[in-house]
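Report on one structure; see the data block that follows.
Note that the chains take the letters A, B and C in the order they are written out, and that residue 1 is the start of every chain.
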Amino acid sequence: MLSYFVRRVLAAIPVMFVVALFVFLLLRLSPGDPAAIIAGDMATPDQLARIRTALGLDRPIYEQFFVWLSQLLRGDFGTSLISQTNVLTMVNQRLEPTISLAIVAIIFTVLIAVPLGVIAAWRHGSFLDNFVMSSSVVGFSVPVFVIGYVLIQIFAIELRWLPVQGFRSLFDGVGPFAQRIVLPALTLSSIYIALIARMTRASMLEVLDEDYIRTARAKGLAERLVLFRHALRNAAVPIITVIGTGFALMVSGVVVTESVFNIPGLGRLIVDAVLARDYPVIQGLILLTAGFYVLINLLIDLSYALTDPRIRY
Amino acid sequence: MTTQTLTAKAVVPSGGAMNRLMSSVFKQRPKAVTILAGIVLLVITAIAVLAPWLANHDPLALSPANRLKPMSPEYWLGTDAFGRDLWSRIVYGARVSLIVGVGVVVMSIAIGLPLGLLAGYFRGVDAVLMRVMDGLMAIPGILLAIAIVSLTSASLWTVMIAITVPEIPQVVRLVRSKVLSAREEPYVEAAMLMGTSTFTLMRRHLMPSTIAPLIVQGTYICASAILTEAILSFLGAGIGTETPSWGNIMAEGRVYFQLKPSLIFWAGLLLSACILSINLLGDSARDALDPKMKRRNA
Amino acid sequence: MTIEVRSIRRWAACGAVAFALGSASFVASAQETIRAVMDSPLRMLDPVITTSHVTRNHAYMVFDTLLGMDINDKPAPQMADWTVSNDGLIYRFTLREGLKWHDGTPVTAADCVASLKRWAARDAGGQMLMDNTKSLTAADARTIELTLAKPFGHVLEMIAKPSGIAAFMMPARLASTAPDTALSEMVGSGPFRFVADEFQPGVKAVYAKFADYVPRKEAPSGTGGGKQVLVDRVEFVAMSDAQTAMNALLSGDIDFFEQVPTDLLPLLEGNEEIRHQALNALGYQTMGRMNFLLPPFDNPAIRRAALTAIGQADVLAAMVGNPDYYQTCSEMYGCGTALAEGEGKDDVMASGDQAKAKAMLDAAGYDGTPVTLLQATDVPVLTAQPVVVAEQLRKAGFNVQLLPMDWQSIVARRANQGPVDKGGWNFFITNWIVQEVWNPIVNPMLNGGGREKAWFGWPTDAEIDAMRAEYAAATDPAAQREIARRIHEHAMDTVSYVPLGQFRLVSAWSAGLDGVRPAQVPEFWGVSKRAP
């Protein structure tokens, strides 16, 4: 187990290097001039040249790459060209909204999708099953922002139950937090609900055929217990996989949802940084996201061992 | 063998994958949903092809005096903030969505299939290529696409390339896994022992096994490409306003969402219907091509 | 199924009530804070390195200026009073008593001298001032002495002006930062303190009342007069779009919204709880600039044809819509300014004459070289003009290609002096606050310094530079005016740029705010907040 873990971590190093190199080259080989954005409307050419020098943007690309790489090895992600703020500080400031959004969305997903999937599998082939399956396709076909706007139109503008936009920290009180997180989290969970309901149903169907379920039923165990205690537990592996492979989907959902609901999270940070050519922020954020992705996948592989006794490392 | 038969082979898969697809669509009485999805997609394709005849205005013509007009006999769906006719823009927008969807599928398979074959066949290539693919996969596709589009220029081509790049690793992985398992088949081993040339081996024995899964994967790539184009436009990193697309129509309508929700909803409705249909067709294709999956996802 | 839906609805209703109760308590605790949405999110803090408006407005909170500009645009004392020697060559500024930096140390003349030098290294007007200056020294702890080498008629105006880069005062340890390196610390002597811990670039900037600030006794007027702070905190918050900000204002989430798009004004009509007004009376000038380095606009005759083809009325109608908020204006210095010609002047640019332009274009020998016109897609006040201008130029026979991109990309691209296929451009459009163009010194487009010194477009024009120097030296208002008219005529003839008209942007604020008043910049001193 430990040696497996170590091997996996070592394997992640070249992956992260590829990510770093790719992102760096992409940014530096494409047109764009942060100095022009910093200087604003009145800048003259010689002023721009001086700002480029001050930022080190006039040095050769390979030199800039090695400067950045050596900073990274020291754990320093650099400072924003635009706001002069440390990249990790910026990430830290934006972390709470994004994590709150993601966690509440995942909670909604599990609460809604797993029961749906279980019911669909239980009444396999019925109208209910078909309904759940068809609407799950709708879930990942409708763009996140369309779902967001429909929810805003109904619950915020027509019914006036919830605010149109914004974010409040959980530390400001549960009321304001919950009030503002419900619609974005529902919006974000729409894709996931669809995916996980399908996946739950599929793996439940497989498990329901197994001998031990038949035995449990034959023993006269209540159907509810059969479904939720025996079957679902064994169907957990594929569900965890979806959460892992769905990470990319989650990122795109977060970026859009934050934009629709004006949530000051990491998604908006990166979009703003790209538009402003704020190289250190873009590089740092993509690298961190990629690292997080690698980590999640590692944790998922490890969790297989815990949830499914048949898997050993 | 001539090039002609080669292309024919690539398009019409041997091994009965296509036959099974056909029989599912035409003989086995397809489900009502599948038929409906097909019809919706046909209608959207027709709209895209017939756009010049369906539009009753130039989709680019400005009319500052007629900004944000409601539905009328003159402007069927009203006008946008520049006084352009919304119906005409939506009709032309269908073209962009379909071009992006199909273009990305073609490009990602054209690049991913050969790479996957190489990776599956040559151990040395495999090690290096798959590390690069792992790296690419670790970057969330949407971030990569936003970066590519906004750092270059907002043309149809850049948008398609930006959406294709993150899809490639998925295709490569799929093809590679199929090749790896095909290599174990007795007939492939036999062919190898007989000294069949590598090229022929790949073309005749390894590639066919990848076609069925690629058809299925292709429909999902198509749906997700159309969706991603809309998301990129929505975030301000999409195709420019002189090329109307459902995505940028909605992006421009955002500011007026409360005054005139129709600026978002019509395009959103069509976009959703289009993606939904492609996904449903993809599901049917998978059920037809992969009987093992059918039972679980019927 | 229906039963389920109904019960979900009931559950949701209960939830909503609970949330509403929760939010009521929150509003009550936030009384003394003004929350404002500015024209764009604040990302850059150093007002000397950038001319971004939101950074300038942020700096007026944190930093003070030696002089302010009253509501009639006349220099007025702020941190300092001044005297001028009889020959007009020596200016003495005496600091008020009791001025302190936010770190508690007293404001000294030496700090101010360092600040003026850093400012002058970046601001065009400041540079011109230094070119005419023999020495700038601290005579004692509270006296700054500026000695001119030759007469310069605009010393007070340059130090007081709010636009371009305003001459903000900061401690010498900050002012000694190289002018091209951004400051990383915000210590000023202004009425508000910058709360660095709560700054989130692009999201939120927080200002707290500076307890040790001693305001002037006069009533506030423009950027002059007493800056009395009547609230505890001001927060600049960012909203992703205008619609969102509007909703936030209507629901009481924010108190002040700096730039309401004209299209959204109907939402405010008849609303007793929200007031709105164009606070900057002069407003903005929208304008187009051609690239003098590339064909076809390296040819003055072709530039003149383009100028003739373009008509402001259509541009403004598409851009602003409501005629209450725009006017055509053929004046490069902006209409309603000191140097503008009064009423009755022929408004030559109101409508374009594409037929005449076509004839001029043929006469000039235009060979169909494409004109690449950059179009911003993401800034509402910049998206419409390029589309209309492109149409007008096409009617006159120009071969125009619109190139859409986000505004930041235009900002980067317009700095490129290369040919179009190497990332260059022929024409782009932007907006100025009228104070940024209102005389030949501050107006960046009138600089004829070529590839190194001129503003994007890079005209080389020794004649206009000589006249600008003449304007700078003139001390008599009548003489200044006469030279300014000559410059104007020359600039129109060489088409230094194309004024596209003047418009005003409306600010809106909750009726709970008292004391919001017209000024050159959005001001939060003298503003109090009542509980709703």
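By definition in this document, a contact is a pair of C-beta atoms (placed from the backbone, for glycine too) under 8 Å apart; a residue touches a chain by one contact, two chains touch by 3 or more.
All figures in this text were calculated on a predicted structure; none of them were measured in a lab.
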Winner on C-beta contact pairs when B-C is weighed against A-B: A-B
Centroid-based (C-alpha) most distant chain relative to subunit A: C
Inter-chain centre distance, subunit A versus subunit C - centres from mean C-alpha coordinates, in Å: 39
Whole-Å gap between the CA centroids of subunit B and subunit C: 45
Distance between chain centroids, defined by C-alpha means - subunit A, subunit B (Å): 23
Shared-contact residues (touching 2 or more other chains) in subunit B: 150, 236-237, 257-258
Subunit A, residues touching no fewer than two other chains: 31-32, 259, 275, 277
Per-residue overlap in subunit C, given as positions that touch at least 2 other chains: 247, 378, 406, 409
Parts of subunit B lying in touch with subunit C, wherever the complex brings them together: 62, 64-65, 67-68, 81-83, 150, 153-154, 236-237, 240-242, 254-259
Interface residues, subunit A side, partner subunit C - complex: 31-48, 50-51, 53-54, 80, 82-85, 90, 93-94, 155, 159, 161-166, 168, 172-176, 178-179, 182, 259-260, 262, 264, 268-269, 272, 275-277
Touching residues on subunit B, where the partner in the complex is subunit A: 33, 131-132, 134-136, 138-144, 146-148, 150-152, 166, 223, 227-228, 230-231, 234-237, 250, 257-258, 261, 264-265, 268, 271-272, 275-276, 279-280, 283, 295-298
Contact set on subunit C toward subunit B in their complex: 241-243, 246-247, 261, 263-264, 266-267, 314, 317-318, 321, 375, 377-378, 380, 383-384, 387-388, 391, 402-406, 409
Complex interface listing, subunit A residues touching subunit B: 14-19, 22-23, 26-27, 30-32, 125, 133-134, 137-138, 140-146, 149, 153, 157, 198, 201-202, 205-206, 247-248, 251-252, 255-256, 259, 270-271, 274-275, 277, 282, 285-286, 289-291, 293-294
